[in-house]
Amino acid sequence: MIGFSRSARINIGVMAILAILPVFFWWTGQTFYLSLATRLVILAIAAVSLNLILGYGGLISFGHAAYIGIGAYAVGIPAHHALYGGMDFIASNNGFFQIALAVVAAAVFALITGAICLRTKGVYFIMITMAFAQMVYYFFVSIEEYGGDDGLVIDTRSEFPLVNLDQPIVLFLVSYVVLVLAMWLVNAIVNSRFGMVLQSAKGNNDRTVTLGYNTYLYRLTAYVISGAMCGLAGALLGNFATFISPEMMDWSRSGELMFMVILGGTATALGPVLGAAVFVVVAQFLSELTIYWHLPFGLMLIAVVLFARGGLSGILRGKGS
Amino acid sequence: MFVLKSGIPPLDTTLLFVQTLNGVQLGLLLFLVASGLTLVFGILDFVNLAHGSLYMLGAFICASLTFLVGNFLLAVLIALPITGVLGYLIERFVARPLYARDHLDHVLGTFGLILVLDTSVHLIWGPAGIAVPLPAWLEGQVGLFGDVVVPSFRLLIIAAGLAAAAGLFWLVNYTRLGMLIRAGASNRTMVSALGIDIQSLFALVFALGAMLAGLAGMLIAPITEASIGMGNNIIITAFVVIIVGGIGSMKGAFFAALLIGLIDTLGRAFLDDFFKLFMSSDAAENSAPALSAMLIYILMAVVLSVRPQGLFPPKVR
Amino acid sequence: MKRIISAALAASFLAAPAFGAEVKIGFVTTLTTGAAIIGKDMQNAVDLAVEHMGGKMGDLDVNVIYGDDGFKPETGKQVTDKLVQQDNVDFVAGFIWSHVLLASRKSALDAGKILISTNAGPSQMAGDLCDKNFFSTSWQNDQTPMAMGEVLNQKGVKSLYVMAPNYAAGKDMVAGLERTFKGTIVGKDLTKWGADAQLDFSAELAKAKASGAEGLFVFYPGAAAGAFTKQYHQAGLKDILPLYSVFTVDGISLPKLQKAGFDGVLGSKITQEWDPSLDNAANKKFVADFKAKYGTYPSFYAAQSYDAMFLIKSAIEAVGGDLTNQDAVRAAIKAANYDSVRGHYTYGNNNFPIQNFYLREVVADADGNWTTRVDSIVMENAQDPYAAECPLK
Amino acid sequence: MTTLLSVKGLKKSFGGVTATDDVDLDVIKGELHAIIGPNGAGKTTLISQLSGAVKPDAGVIMLNGANITHKPAHTRARLGITRSFQITSLVMDMSVLDNVALAVQATDGHSFKFLKPARKIGHIRDKALAMLAEVGLAERAEDPTRNLSHGEHRQMELAIALASEAELMLLDEPMAGLGPEESATMVAYLKSLKGKRTILLIEHDMDAVFALADRISVLVYGKVIATGLPDDIRSNDAVRHAYLGEE
C-alpha cells in the first residue's frame, strides 16, 4: 500500500478487518459473533456522530443516547401501528419512510434543544444536554401505548426493496456501509471550510467570532448534523435489537458513547470506531467471565482517562507521528 | 381547551401540608448531597459523578455499624469520619490527577469510579441491600396539630438537614476556612497567592463533601434501605440542583434543592389528579409519574435558557 | 473446508467440551443490582435441583449456563441471544421480570427453543402471544392478586388504595385485583420501577392515608419490599390502613426484616401458589435441603426454579434423552408428570399451570426464624383469565 | 478627511468600577490613531466595546455613519472591524497557515460549505500564504501554531488582522512581550501599513507610539483627557500632569 500514509494504512487495515471478520463469522455459522459485530458497527456510527461535535467541535454532549432512542422509536412506532392499527398517518413498515422519520425527528430535536443548549458553556452545556435526554427518556416512559418502561418489541424490521434486514448478514453489511458513509461525511465536513470554522471555534471561540463568524450558528449546524446521524444509528439499532425501551436513552448510555469516543481518540477519523470496538468486545468478554465485570471495566475506564491520553488511535499511530 | 371529565376534587389542606413536609424533607436530603457537589465543583472545578457513590457508601457503612454497635445514631457518628476518609482517598488517587484536565475527563473518570464502587459494594455486602433498624423512639409518629401525623424519623431528617445547612452556612460565612472556600470558589489563583496550601484545602473540601453526601445516605437508609446503585438515582438530581442554583453557590444549592424536592414530591402527589381532569384515569396514572419526574428537567432547561449561569451564580467567576 | 473451519472455530472460540450426551439449559435471571437477591435465590435452587438429580437428566449430563439480565429488558434480550446463538442451549429458562421476558421471548422462540418462565407471567404471553414452546412453572401475573381479591371480599373490605410499580407485572397485578375485588378502588399510584426505582413512598403513603380507604393493596417485589414495609409501619398506618400485599412480604424480604427487628410484619397475610409448609415429600426435601445448604428458607422464586429443573428432567426421561424430537419433548412437558413442590398441577391450553392458591400467614418457626405457613386454600385448580384468548388448543 | 469610526458617550462599568466613562472618540479614515494611558485606564475595555466583545452600558458607536452599537461581534467583523488581542489569541491546535486561512475565508462569503476540502481552495490558500510572507512567516506556514515563539505569534496576529481586509484594525499592544529587535521589526511593519489601513493602536511603548501615530488620544481613569497630534500631546499640560508628568 505504497502511497498511503501510516495512519491511512491503519485506517484501511482496521476497516478491512471490520468488514471481513463478520463475513467470515457468517460463512462459518458463528451467528452470535456476527450479531456482536453488527452491534459494534451500529454503536460506532453513533460514536462517529458524537465525535463530530465532541471531538471537532468541543461540545461535550452528555445526552447523545437520546438520538439513538429517537431513531429507534421512529422505526418501532410506525411498525407498531402497521401491525396493531391506529395512527394511520404514521403506520408503515416502509424502510425509507422510517429512516427518513428517524433522521428528521432527530434533526428537529437537535435543532430545538441545541438552540437552547448552545447558549450555555462548559459544565452547564454538559448538564443541559443530559437534562434534555432525560426528558425524552421520561417522555417515552410515560407513553403507555408504546410500552412505557417495559419497552416495545419491533415485530417487523424496516422493509426495503431487494434488501432483507431479517438476514443478519444483510443487516451487518447495510450497517457497515452506513458506517463508512458516516466516516466519509464527517471527514469531509471537518476538512471543509465549515469544519475549519467549527474547529477554530473549539480552539478559540473569541478569536473566531472576531474574524466575523457567527460561531453559534456553525455549532448549531454541526449539532443538528450529529443528531441526525445518530438518529440513523438509532434506526439501525432498533432494526438490530428488534426491541426498544427508554433504557436506551439513560444517561449512562450517553456516558458510554462518550467513553467510546475518548477511548478511541477524539478528533480522529478512526478513533470512535476503535473505541466502540474495544468497548463492545471487552464488555462482552468480561461479562462472560464474571458477573462482577463492571469492576475491571470501571478500572479500565479510569486507567484510560488517567494514562492513555489521545486514546487508542494515538497509541496505534505511534509516537513518531 | 380540554374537557373536564370530573369536577376538581377539593384540595385537602392536611394532605397538602403533609406533602409539603415530605417535599422539604426530600429537598434537605438533596441539599446535603448537592452542597458537597457544589463545593467540589465550585472550588476545585471538578465534576464528580461518583459523588452519589459516597452517598451509597455512607448508607452501607452506617448500616453495618448499626448492627455492630447496636445504635443507629452512634453508628452515624462513627460512619461520618470514615466516609470523610474515603472521600479523601478518592480525592488523592482519582480526582487529584484529573484537576488539570478538562471536564470530559472528569466525567469519564468518575463514571468509571461509579462502576468500581457499585461492584465493590456488591462484592462486600452482597446484592441484597441492608434494612437499618431504628431506636424505638424514632420508629413511631408524631402528632403535630389537628390530624397531621408524621413519622418521627422524617422529622429527624428535616431537623438534621436544617442543622447541617446551618452549620455549613456558619462554616462558609464566619470561619477562616469558609473565607478560603468562598475565595476559592470565585478566584482560585488568589487563594494560592495568599500562601495557602491549596492541595490540602482541596482535599479538605472533598472530604467535607463526602461526609455531607454520606450523611444524606445514612439518613435515608432507615427509610429505603441501603442498596446498590442508590447513589446513581440521586446524583443526577443533585446535579440538576447545583446547575439550577448556580455552580459554587451554597445559597443557590439550598433554594434549588428545596424547590426541586417540593416539585418532585408535589408532582407525584397531585399531578395524576390534575391529569384526570382532562384524560382517562388509566392514562393519567400511567403518565403522571413519568411526567412528574420530567418536571425537574423542564425546570432546569427553563432556568438555563433564561439564566445560563443558574439562579444564584457566585459573584465573580 | 467450511466445516473444518467451523469446527476449528468452535474449538478455539467456544472452548466447548467434547460433544458428550449433555443437556444445556440457559437460565436468565438478575445477578447484579439490588434485585440480584432474587436471582441468587433462583440460582441456589437450580444448583440444588442439579445436585438432587445427581447432575443427570436421564442419561444426559446437565449443563446450566446462567445469564444476567441486569434488571433491564434490553440486557435480558442480549443475554438470551447469546445463550441461543453462541451457547446453543436446548432450553431457555428463568426470568423474574415480565418486561424482561417480553423483550426476550422472540429471541428464544424464533430460534425454536423451548422457553420456561420460572416466575414472570405477563398477561400477553398467557393470551394472544402464547406459544406452543413457552411454558410457565409459576403463574399468570393476575392470579395471585385475584386470590387476594377473594380474600378481601371474604373479609368484607369495601374500599382499597392501590400501589404498584409501573411496569408490565405491576399493571397485571392491579388488573388481577380488579377482576375479583368487589369493593371500590379509591386511588391508585404506579411508581417508577427498574434499576433506578423509586424507593421513598412518602408522598404516596400520605395520599393513601388521606383517601380514607379501608385497606392498602401493594405489589413491591424484591428490594423494594423491605423499603415499602418499613415506611408503611413508620407512617403508623398499621391500624388505620391495613396492608394487603402480594409478592412483597416473602422469603426474600423476611430475613432482612427480621434482622432489622421489624416485628410488625408477623401475622400479615399474603396469597401464593406455594408455601414452604406445604405437605408433600418433594417440598419437604426441597425446603429442608435448601435451608441446610443456604441457611434461609427458599422463596417462591426458588421453588418455581427448582420445579422447572425437574419439569425438564421429566420430559427428557420421557423421550429417552432424544431432544431432537421436539414434539415429544413438548408433549412430555405439557403432561407435567413430575413431583412439583407445590403438589400436582396440570397445564392449561396456554401452557400456564392450573393450580391452587393459598392464603399464607407470616409466623416465626420453632427456631424463631420468620417464615410463612398456609392458612387456607383460596382458589382451587384455578386457571388464569387469559387462557381463552390464547389460540392454542 | 472622512470619519471612519465615531464614538459618543461610551460608558461601561463592572460592578461599580468604571472602565470607560463618557468616552468620545473619532478615528479618521486612513490614520494611525494611538491610545495611551496608564494601566487600568480602560484601554482594553474600550477596544472590546468597539469589537463587540463587551456590551456598553450607554453611548453610541458609529462605523461609516452606521450605528453598530448593538451589533454582535461577528457582524462588526463583517462590516470591517478586526482586532488583535493583548494576550496572544490564536488557535494553538491548528497550523499557522490554517489560522490565517480562516481569516481569509471569512472575507470570502459564508462558510456553510461542507464537502470541498478547505485546504485545497487555491485562492484562499494563496492569499493566506501571501499574508504570511508579508509578516515574514512563510516558512512556518505548515507548523503547528503552538510550536512558534511569542514574537512569531504576534506576527501571526498581525497577518490575521491584515488578511481580514478590515478597514479598521484595532491592535491591542502588538509589541507586548517582544524583545527590542522584534519590536523594531513590528514598528517597521506598522509603518508600512500606514495609509493603507485605518489603525487604532493601544501601546505602552512610547517611542513606538510617537514614531507611528498620526494622532494620539490619552485615556485616564476611563476618560479621554486629550486628543491631538503627537507634538501637541507631548506638550499638553494636562497630559504631562496626569500621565507623563509623573515620571
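Residue numbering begins at 1 within each chain, and the chains themselves are lettered A, B, C and D in the order written.
Everything that follows uses one rule, which is that a residue touches a chain if its C-beta (ideal position, glycine included) is under 8 Å from a C-beta of that chain, and two chains touch if they have at least 3 such contacts.
This one's a predicted model, so the numbers in the text were calculated from it and none came from an experiment.
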| item | value |
| --- | --- |
| Chain-contact steps, minimal, separating chain D from chain C | 2 |
| Common touching chains of chain B and chain A | C |
| Between A-C and A-D, the pair joined by more C-beta contacts | A-D |
| Chain separated most widely from chain D, comparing mean CA positions | C |
| Distance between the centres, which are taken as Cα means, of chain D and chain A, whole angstrom | 43 |
| Distance from chain D to chain B - Cα centre to Cα centre, in angstrom | 49 |
| Averaged-CA centre spacing for the pair chain C and chain B, given as whole angstrom | 35 |
| Sequence positions of chain D contacting 2 or more other chains | none |
| Of all residues in chain C, the ones touching two or more other chains | 31-32, 166, 192 |
| Sequence positions of chain A contacting 2 or more other chains | 141, 148, 294 |
| All pairs of touching chains, each written as two labels joined by a dash | A-B, A-C, A-D, B-C |
| Residues on chain C engaged by chain B in the complex (per definition of touch) | 31-37, 39-40, 166, 188-192, 195-196, 198-200, 202-204, 206-207, 210, 223, 226-227, 230-231, 233-236, 256-257, 259-262 |
| Chain A-facing residues of chain C, complex | 2, 5-6, 9, 13, 31-32, 68, 72-74, 77-78, 81-82, 85-86, 98-99, 102-103, 106, 166-168, 192-194 |
| Footprint of chain B on chain A - complex, ascending | 54, 60, 62, 116, 119-124, 126-128, 130-132, 134-135, 138-139, 141-144, 148, 251-252, 255, 258-259, 262, 292, 294-295, 297-302, 304-306 |
| Complex contact set, residues of chain B against chain C | 12, 14-15, 18-19, 22-23, 25-26, 67, 122, 126-133, 139-141, 149, 151, 153-154, 220, 222-225, 227-230, 232-233, 265-266, 268-269, 272, 281, 285-286, 289-290, 293 |
| Of chain A, residues touching chain D in the complex | 188-189, 191-197, 199-200, 203-204, 206-215, 218, 221 |
